[in-house]
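Starting off with a structure, shown below.
Just so it is clear, A, B, C and D label the chains in written order, and each chain counts residues from 1 on its own.
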Amino acid sequence: VTSAETDLRPAVGVIGLGRMGAPMARRLGDAGFEVRVFDVDPSVAARVALHPRITAVDDGRDTIVPAGALILMLPSSGVVRGVIDHLVTDPAGSIDTLAGGGVVIDMGSSDPGETCRIGEQMAESGVPFIDAPVSGGVAAAEQGTLAVLVGGSSEHLERARPVLAPLAGRVVHVGRLGAGHALKALNNLLSATGLIAAAEALAVGTRFGLDPGVMLDAINASTGRNNSTEKKFPAFVFTRAFNAGFTLDLMVKDLRTAERLAQLTETATPLSALVAELFSAALSELPEGADHTSVVEWVERNTGCRLEPGGNSSNF
Amino acid sequence: VTSAETDLRPAVGVIGLGRMGAPMARRLGDAGFEVRVFDVDPSVAARVALHPRITAVDDGRDTIVPAGALILMLPSSGVVRGVIDHLVTDPAGSIDTLAGGGVVIDMGSSDPGETCRIGEQMAESGVPFIDAPVSGGVAAAEQGTLAVLVGGSSEHLERARPVLAPLAGRVVHVGRLGAGHALKALNNLLSATGLIAAAEALAVGTRFGLDPGVMLDAINASTGRNNSTEKKFPAFVFTRAFNAGFTLDLMVKDLRTAERLAQLTETATPLSALVAELFSAALSELPEGADHTSVVEWVERNTGCRLEPGGNSSNF
Amino acid sequence: VTSAETDLRPAVGVIGLGRMGAPMARRLGDAGFEVRVFDVDPSVAARVALHPRITAVDDGRDTIVPAGALILMLPSSGVVRGVIDHLVTDPAGSIDTLAGGGVVIDMGSSDPGETCRIGEQMAESGVPFIDAPVSGGVAAAEQGTLAVLVGGSSEHLERARPVLAPLAGRVVHVGRLGAGHALKALNNLLSATGLIAAAEALAVGTRFGLDPGVMLDAINASTGRNNSTEKKFPAFVFTRAFNAGFTLDLMVKDLRTAERLAQLTETATPLSALVAELFSAALSELPEGADHTSVVEWVERNTGCRLEPGGNSSNF
Amino acid sequence: VTSAETDLRPAVGVIGLGRMGAPMARRLGDAGFEVRVFDVDPSVAARVALHPRITAVDDGRDTIVPAGALILMLPSSGVVRGVIDHLVTDPAGSIDTLAGGGVVIDMGSSDPGETCRIGEQMAESGVPFIDAPVSGGVAAAEQGTLAVLVGGSSEHLERARPVLAPLAGRVVHVGRLGAGHALKALNNLLSATGLIAAAEALAVGTRFGLDPGVMLDAINASTGRNNSTEKKFPAFVFTRAFNAGFTLDLMVKDLRTAERLAQLTETATPLSALVAELFSAALSELPEGADHTSVVEWVERNTGCRLEPGGNSSNF
């Protein structure tokens, strides 16, 4: 990459090249950005850097583009904190160059309380910081159709819009700093609640002799329906595939994030706390790497039944 | 109504003329049936009998039409049991006339375990019996667009179809006797879970500074959505109207029915049991006659916040 | 047994000769009563009737002694109901002979709501009826040191006292009819709550690196202590014996009884309902016949730890 | 206090002079220690310094006695963290003087996870650090009969023993650093569970018509008993005094600490999580400053009954 070329194209940094970060970096490269990438595993970064407009750097601090955008796609707030602590140690003060025109974008599923604390620290150095967690999974990352929930000031979001554009089908500004992370966790909490609640209700009916498939159809035509009854049960449970593509341990992580947010805000949430604990117990009993929809298998075990459509049809 | 005319028209009995039973009886009359109605309050029956094809009778046993259909629209399994105990005491043995061609249809939200017990007793006398609870509320009852979930044998359902036709937009045969009542309760359990879970999640976000309206929009575009986030929150909660038309005490009754079914089938349902208890606590604290959506007001009280869209928008 | 002899000794009937009923019948025989016993399994009754003052009868109705006491020691309210329905069919009207001076005593762990209903029916025939469930287990039954909680009128209790005397170390009149059964179930609910709550708390500490034995000692010297931390953990859990002598399925039955009582009285009990569901889930996963203290093994499985004293002592 | 005298007596620092810290400082003074005290409110420190052997200092760093003990009695881990961050800023490096022979003792009810983090930081500077939370309340602090649960190395505990001696009736070494704080929170969790569980069970029985006093006596003679049924109900609930001397907000803080520990150790605790949420909801509804036993009043409100002995005695 010659310096002349670089000047003509906007540049962006990406730290964290996992299942989501890698395709996102490529989307940015495809869209004409010069992308500087870093991952804790250099071989991963090297592979992503096969793309003509992507360069792997040896130190996270070198992903910083003066007045540019820096995307973090990391597994947890703890890692975000560690990366940022490293960035600010740059003797060249590169992170300060973000203050004028740049922005740091945390696109992982971080802890909103931690996001606020990091934001306070960034604000002291004048570095714009927003949270912008995504949903849609790997497929949407590859196709640039992620849904992005943004928390932070409108001004900071405007700085980020150009790099979010090639990644997102939809960018929604949902509130103050941390609001994106909060809403992501709360949405997943509701999703998890709908999944396990449906499993319990179907288990009761199945043990009474109803066909889970007939029940699901009736519920989906009525007030009991939710995203899990409409989407997840037909595709991942009734097929016994249990492969929604979002693992149980990541769901438990999000449920714990929601729980911590409830504690931080001193909000009593008896039902939600129980959902988190039940998923956590399921995680302890199910094999490593299990999909989050496998929580239904755990409910089956606890109730002594199997939620298979057709299973009870002979009872009519 | 002359006797000649009566002979030409099919006849049907209806016991229980409450908010649902009265318009259902009128629909049947409009559809050309000769309807014999009974209610524990004779003045209610007299008012319904103003319809040219409806006759009020003084004793529930006189609603029985030989080889005809008898609809029960009563508040609980206890009342159904009492009515049936009375019907079988008829020295003329009128209920036995139902054995050949007739059918008794329990269209209330009864207890499925009780329905099975009553069904066993009816089977001994050879009287066909099905459960056919409805959803859709008073408006659907008036327009004949109720959704009906039927439990029982196919043969018995066929006997009931002619009288269900003018009442129902949709008749779904969901399984064995009691299956309709079971599924009704389980659907409402899932609906209640979705409502209170959404209230908790929105309360956490609101206390963190998010706008409940913005959150709801994002959730409804994502995996957290359920029937309550899509329908009930916009129409009955955010408007502060709390008038979905289904009272909290009736919801608690259905939750208790679902809980008893879980006990009868020995199914462990930690989440569902907690939902029932929380609604029950809300019933104890909220004013009499409160709508079931008022459980959100109870969550607001327990969490010290108000779920009003726009309330937190200044925080961006 | 000659008629002359019979006249000289008080007589008593016992129906139900299980692990508790059989030694109770023998205690009464030892105390000088003429005892008439019945069990659904005649070989069991024959074995108990080896006692010189015990006679096995072929029909439950023949256990009735005019103006005497009739003890029921049966597994559930359903069986109590069935037995009583049979007793009242005696063409000789023997149960009516209990009205003058006699009393029926339900000493099983029955459902208090059912006990009330049976009591109403008995009251119509003028037959005194009390509930008198016991605690203390088989050893106390053999030694006549059972603790008995009595519900019913003081007058009826006085009729029962002579036959309770050889069975009980303590007879406490706790309230109206059904009060004994209610209190038995509520006590066991509290006991179950203390057991599983302690298991959870010890699991957290164990995973943090504390020694369960050290924790238990500290808790037992402080405000966290309960009967399970003081008695059951040292004797049945830390020894890995899990043999308290009260099976998990019987505990679940009592928890369900307490839950039904909460429903009957329309009392919101979120915590207690959850305890019942957790024990029920444990019952589904644990081997048949497991002791109720094995619920701790189920908690261990859900939390991935083992509550063994000494296990973590190396961490100091 | 002359310098000569000071040299002859051991010295100790105390930071935090609240309801507990102040009497503890005085106990140390009475026992012959030279005590240097600091509180964020200088007037409080001045009042405590009226004691002849207590000196108030203007900066927390001046409480450090070379090779001496420093006691922290602070409201939360956040405050502990802030104080320690301040101590280590001393240009004179006074905290380093603790490395040789000294020890820092956190006697508050801190978060065990935070305690571990602070301990790691202290270990880097070679400063011994232990946690030593207390129970027994203000009276025990004044009389020097506190129960102290110590976490940390045996070597560090030995350094602390001389200053713990005048404060404690009992010092128990319960495990690794953080173990004291963990066990304190877990004990209070069990205590809270026993309290609210008893309230629920008594509410069910009361609504069924039993006398709460009669029930409590029976439970306390049986397996349902716990510290709350034996101590708190007779003294603080049945008297309607609700003055156990430990406020509801402090109990909620401890329950939240236990919950965070469960999260940190990834331990599924459905029951305990629900207890925390119910206490949190009660805190939201009850007046500020309410005693933790007032959670029973909240249960009464949710169940529509009053747990007063004698109230139902007329039902026998």
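Just so it is clear, a residue touches a chain if its C-beta (ideal position, glycine included) is under 8 Å from a C-beta of that chain, and two chains touch if they have at least 3 such contacts.
Not measured: the values here are computed from a predicted model.
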Comparison of B-C and B-D (more C-beta pairs in contact): B-C
Chain pair equivalent in interface to A-D, over half of contacts matched, among B-C, C-D or A-B: B-C
Whole-Å gap between the CA centroids of chain B and chain C: 39
Centre distance in Å when chain B and chain D are each reduced to the mean of their C-alpha atoms: 52
Residues of chain D touching at least two other chains: 266-270, 274, 278, 281, 284, 302-304
Residues on chain D engaged by chain A in the complex (per definition of touch): 256, 259-260, 263, 266-270, 273-274, 276-278, 280-281, 283-284
Interfacial residue positions of chain C with respect to chain D in the complex: 112, 135, 147, 149, 153-154, 170, 172-176, 178-179, 182-183, 186-191, 193-194, 196-198, 200-205, 207-211, 214-215, 217-219, 221-229, 231, 258, 261-262, 264-272, 274-275, 278, 302-305, 312, 315-316
Residues on chain B engaged by chain D in the complex (per definition of touch): 270, 274, 281, 284-285, 301-304
